[in-house]
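Shared between the two complexes below is subunit A, which pairs with subunit B and subunit C, respectively.
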Partner chain A sequence: MTQILKKSEFYIGLAVLLFGIVLSIMEPQFLTLSNWFDLLRNNTFLGILALGELVILVSGGIDVSFTATATVAQYIMGIVLTKFIGNIFLAFLIPGIVGVSLGAFNAVIIYLTGVPAVVITIATLNLYYGLFQFLSGGEWIYNLPESFRNMAQTNILTIPQEGGWPVSLSILVLFWLGAIVVTWFILNRTTVGRKLYAMGDNQEAAKRAGFSIFKLTLFSYSYMGFLAGIAGVMQAAQTQVIQPNAIVGRELDVLAAVIIGGASVFGGRGSVLGTVLGVILLAIVRNGLVLLGVSSYWHSVATGLIILIVVVLTALQRRRRKAQST
Partner chain B sequence: MNTKQLISKRIENIDSNVVVLFAIFIAVFIIMAFLSGGNLLQISTLQAIGFQLPFLGLLAIAQMGPMLTGGIDLSIISISNLAGIVAAKVLVDMSGGPVILIAIVGALLTALAAGAINATAIAYMGSSPIITTLGSMIFLEGVTLVVTKGNIISGFPKAFLAIGNGAVFWIPIPLLIFLLVAVVFGVIIEKTPFGISTYMVGSNETATQYSGIDTKKVLFRTYMTSGFIAGISSLVMIARFNTAQSGTGFSYLLLTVLLCVLGGVSPNGGAGKVIGLVIAVFILQVVSSGFNLIGLSSFLAKSLWGVILIGAIFLNKYLTGEAYG
Partner chain C sequence: MSEDVLLEAEDLSKYYGGVTALEDVDISIKENSIHGLVGENGSGKSTLVKIITGVVTPEPGADINFRGDNFSELKPVEAFQKGIQVVHQDLSMFSNLSVAENIGMGQYIEQGRILVNWDEHKKQAQSSLDRLGVSFDLDTKLDELSKADQQLVAISRALASDAKLLIMDEPTASLTQEEVNELFGILEELTEKGVSILFISHRLEEVLEVGDEITVLRDGNKISTVNREEASKKKLSQLMTGEKVQFQRRLGELESEKQPLLKLDEVARKGDFEDVNMSVAEGEVLGIIGPLGSGQTKLARTLFGMNPPTSGKITIGGEKVRLESIEEAMELGIGYVPEDRLTQGLVLDQPINDNLILTDLDGFSEGLFNLISETKQKRFVDTAVDTYDIKIGKPEDKAISLSGGNQQKIVVAKWVSVEPKLLILNRPTHGVDIAAKDNIYKLIADLASQGMAIVLISDEAEEVINNSHRIRIMKEGTLTQELSSSEIGEEELYEAVMEEKNRV
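Showing the complex of A and B:
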């Protein structure tokens, strides 16, 4: 029991539950299936990106370039689908490959220079996005093929409602679930995952233990790139239009969700459960404010306050742990 | 000691990085002047550069202190926006009295109060700078939205607009403000005990603490200073465009980090000179103004900026045989 009380996931879960209960009492609309199905679908994109950032934070790095990666990946997919072949498998293959390539490039530069990842990924964010905007001319892609639209509108679950429209769960949520399972498996059930935690905790020790820092760095940034590519597909599927400036600028939102979920920017800490809860906490707070009719101007105030509270709590927790150990 | 020795000693004292940067600036300036068919050399163009650069330049100086300590401040743009909106509110809503003075003081006090959030959490609670300032960035931006309800505030007194648009002997006032802040900040950070302890915290916080320096106080002052300079940038910004609104200038945020690194500030903290940063700001502005004159996409300039930074990091690594820090 005391073990559970020490886990940050416990507190985030508690916060989610508390907010949930308060919101359901104040606004019955909150606890309906249709609201939750929408909420899950609308946060699939952020949820997938957050899992990638989690893996990077665990390994002791940080990435802010993934929004550019997702944009480039979805745009190249859009061009291929509209101008060449409207094959639905290509819609996933191409962004995956583009994402892995751009992620791997980040990893190589970070490893070779030894400069903090935040600086390198700010540079590659500018590089990828600037070059992309220049080449694409900022043009939108509208006429995505029928097969892509059909995929996006598929529902995996439809529940009839008495005296109303049936409620359905979008297939997109399945991709988030898939990413959750795969990321959990990598971090908890493979040696690569254990090595990533070890490297994030103490890179020097990991090096002396004989781990290849390069391979691990390459893996974490490529995996982030891959998920960014898939998240790009999700975003395009949801809006049915590819807009060059839709994604870039949201990198810090994703980072915020992962941090709220208990991951540490010092590396070596963080879990899939915490990250998912972090995304959901931010999502229900925003959703709740909308349902309660609070002006959207307050959204950022609420989000910022949550982050600051988490910052203070983790700092106090660390101090207490330090005091106990000495 | 003869003159020759003195000269060689003087040269040794100048940071090699600053020399390289200055050479890059000259090269970029000549190339852009040539490619733009001499348009870059016109007084009006140079003046425009002098009006455009100070806002970004001041924000970059605000970013420098935290980076010297090995930290980062993601909230400077939000602080600047909030301070600007407070000043704008005063200028538009108040009548009578020394309105301009109250607006300026109000903006600077707001910036200091916002900086105090970061400073307290980072210095006295030991929170990570990147997360703390991420939180305050989002929070303060939210406050600006709540205050303005997303509206633009505009229509300031003429005398106030001089801060952003006036000139003394063809030299833009905002440029003078930027250079003044750079000099004052440079003297404080490079010559005073507080400044030198800032560098020490950046190179080894634990060792600095054991040497008897109150590192918490140093960190506290660093983030307060950062907020204060962001406050100054807000005045230049709203006076230049005669408007204040939330959400302005966020594309500059990550650019300020790049400018610091290109200007020679070690990403790990502990090293870097203000003069290097100032030259880096000038390089950036000449490149983007040059691209504009030639008719090349500003996005291409943006990507070139990423390439220049990675190139500079590699160059530095292989010139010195080791990475930063």
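Showing the complex of A and C:
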């Protein structure tokens, strides 16, 4: 029990529960299946990106360029699908490859220069996005092929409602779930995952233990890139159109969710469960505010407050524990 | 101790550009023994260790024999697999990971291993903790353990990788005396289980206590290997410095009874220390000695306004003061040289000259816009470098480029520039070599003779005896007896500190 009380996931879970209870009392619409199915579907994109960012933070890095990666990956997919072949497998393969390549480029530059990752990825965010805007001319892609639309509209679960439309759970949520399982497996069951924790914790010691810092860096940024590519597909599937300026600008939402979920920007700490809860907490707060009819300006205020509270509480807890151990 | 040799290395040399790091050094470590390695900073200890662990390639001609195999150089992986393990001074552990994972981490670098075997982690961790004769909860995160326990985990990790030669770099630097004794017991036991230990330490008395043989390096050369029986602290110091070093008492006698400058009456800070009564007069050095972690640092921080006291009365020059901030303390003429110069005393990435004027920026500013006067700065820096014999390249070099002893001189010198009335020195010679130590002692005596009141916190008996007028023992958050430094010997004081500790 005391072990559970020490875990940050416990407190985020508690917060999710509390907000959930308050919201369902204030607004009955909140606790309906259709609201929750929508909520999951709408947050698949953020949820997948957050998992990538988690891996990066755990390894002691940070990446803010993934929105550009997702945009580029999504757009190239759109071009291939509309202009060449409308194959649904290509819709995943291409963004995956583009994502891994751009992520790997980040990793190489970060490793070779030793410049803090935040600086490098701010640079590549602008580089990737700027080049992309120049080449695409900012044109939207509307006519995504039939196969893609069908995939996007597939539901894995449909529940009939008495006296109303049936509610359905989108297949997109399945991709989020898949990313959760894979990320969890990598971080907790593979030697690479554990080495990432170790590297984020103490890079010098990781070097001394014989770990290849380059390979680990390459892995974490490529994995982030890969998930960014997939998230790009999710976003396109959700909106049914590819809009060049839809994604860039949401970097901080993703970072916020991961940090709320208990990951440390100093590396070595963070969990998949915490990250998922972080995404859900942000999602229900915003969802609740929408349902309650609160102006959208307040959404940022709420996000900011939650981050502050989480960070302050974590700092206090660490300080207390430090005081106890000395 | 058997007579069989575990590691025999001959003709180890290493040159960096024109600089000799190590020249024709031989070392022979017997099986089941503890081999001490001493030398001043820059004497080649770390180069030697790096060659033995394969991190650095020696110059051609080297001959290394480990457990019967000959090498002209070792690769890191080779050294690791043969059973050469290092417990670094900073431990090189992972604070967010569990005890079990920290110990069992070796499995991650096995060829072709993709999946983690958590059971194996636990089994391995348990067996190497057992071998060491200690016990921890395997799921505890490392940063929830004390430094001493973390070190035991670090040793366990080395054992888990089947260490035959365990290299320990300054293992006692952050341990209390009691923990040091415990560690020594454990090390002795390890030698009986077929592990040899290369023990590197600045503290000669510790090397003498555990080392069966002791190798002394100086300026990259091996000076001698001596048996414990033939060695003494004095002899080792001589071998290390090449000259007969005996720290002399440089401190002048106090002229007469002076009014105390700083006086503490029943001062306490909840949870840190209590019932502190002390005083120090102008020109007087008050030594405070006690086991590490007895509250000395907390008291020092309180005197410097960092942690205001929760009760009691502090007067300076007869006037009651509150000491609620560092600014206030500095205005009252208090200076503080913290124990951890690397994180608290220096801006390592900044030039030496900027570091030197950091405490007194106002004093170096002039003109309408209060800009730093480069002339003033240069004049002060030149004087300081000269007066305190600081060995620097250029004043514009970064502070991190200097050796520990020279860094420490800068920390002290920057305080002296503001001419404080009261200077608090917290373990000022921690981790510096003998020559630098002597320089710092000279400085303390000079400052005292100029009328500065000094509080010297240290855990070395010899240091407080030679460099203070009066000595107070601090233990478990309170100052106990007062001793006169002229009336007590090193052994006696050391025993007094220990006895104080055992009484509870």
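Note that in this section the second predicted complex is superposed on the first by the 326 of 326 C-alpha atoms of A that agree within 3 Å, B and C clash if a C-alpha of one lies under 4 Å from a C-alpha of the other, contacts with A are read in each partner's own complex, and residues count from 1 in each chain.
Convention: a contact is a pair of C-beta atoms (placed from the backbone, for glycine too) under 8 Å apart; a residue touches a chain by one contact, two chains touch by 3 or more.
Worth saying up front: this structure is predicted, and the values here are computed from it rather than measured.
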Which of subunit B and subunit C A:A302 touches, first, second, both or neither: first
Of subunit B and subunit C, the chain that contacts the larger number of subunit A residues: B
Which superposed partner A:G268 touches (first subunit B, second subunit C, both, neither): second
Partner chain(s) touched by A:T82 [first = subunit B, second = subunit C, both, neither]: neither
Touched partner set for A:Y197, first subunit B, second subunit C, both or neither: second
Touching partner for A:N126 - first (subunit B), second (subunit C), both, neither: first
Touching partner for A:A209 - first (subunit B), second (subunit C), both, neither: second
Residues of subunit A contacting subunit B in one complex and subunit C in the other: none
Subunit A residues touching subunit C - in the complex, by the definition given at the top: 3, 188-195, 197-198, 201-202, 204-206, 208-211, 268-269, 321, 325-326
Subunit B residues touching subunit A - in the complex, by the definition given at the top: 72, 74, 117, 121, 125-128, 130-132, 134-143, 145-146, 149-150, 250, 254-255, 257-258, 261, 267-268, 297, 299-307, 309-310, 313-314, 317, 323-324
Subunit C - residues contacting subunit A, complex: 76-77, 80, 86, 88, 90-97, 101, 105, 107-109, 113-116, 139, 143-146, 293
For the subunit A and subunit B complex, residues of the former touching the latter: 62, 64, 109, 112-116, 118-120, 122-134, 249, 252, 255-256, 259, 264-266, 295, 297-305, 307-308, 310-312, 314-316, 318-319
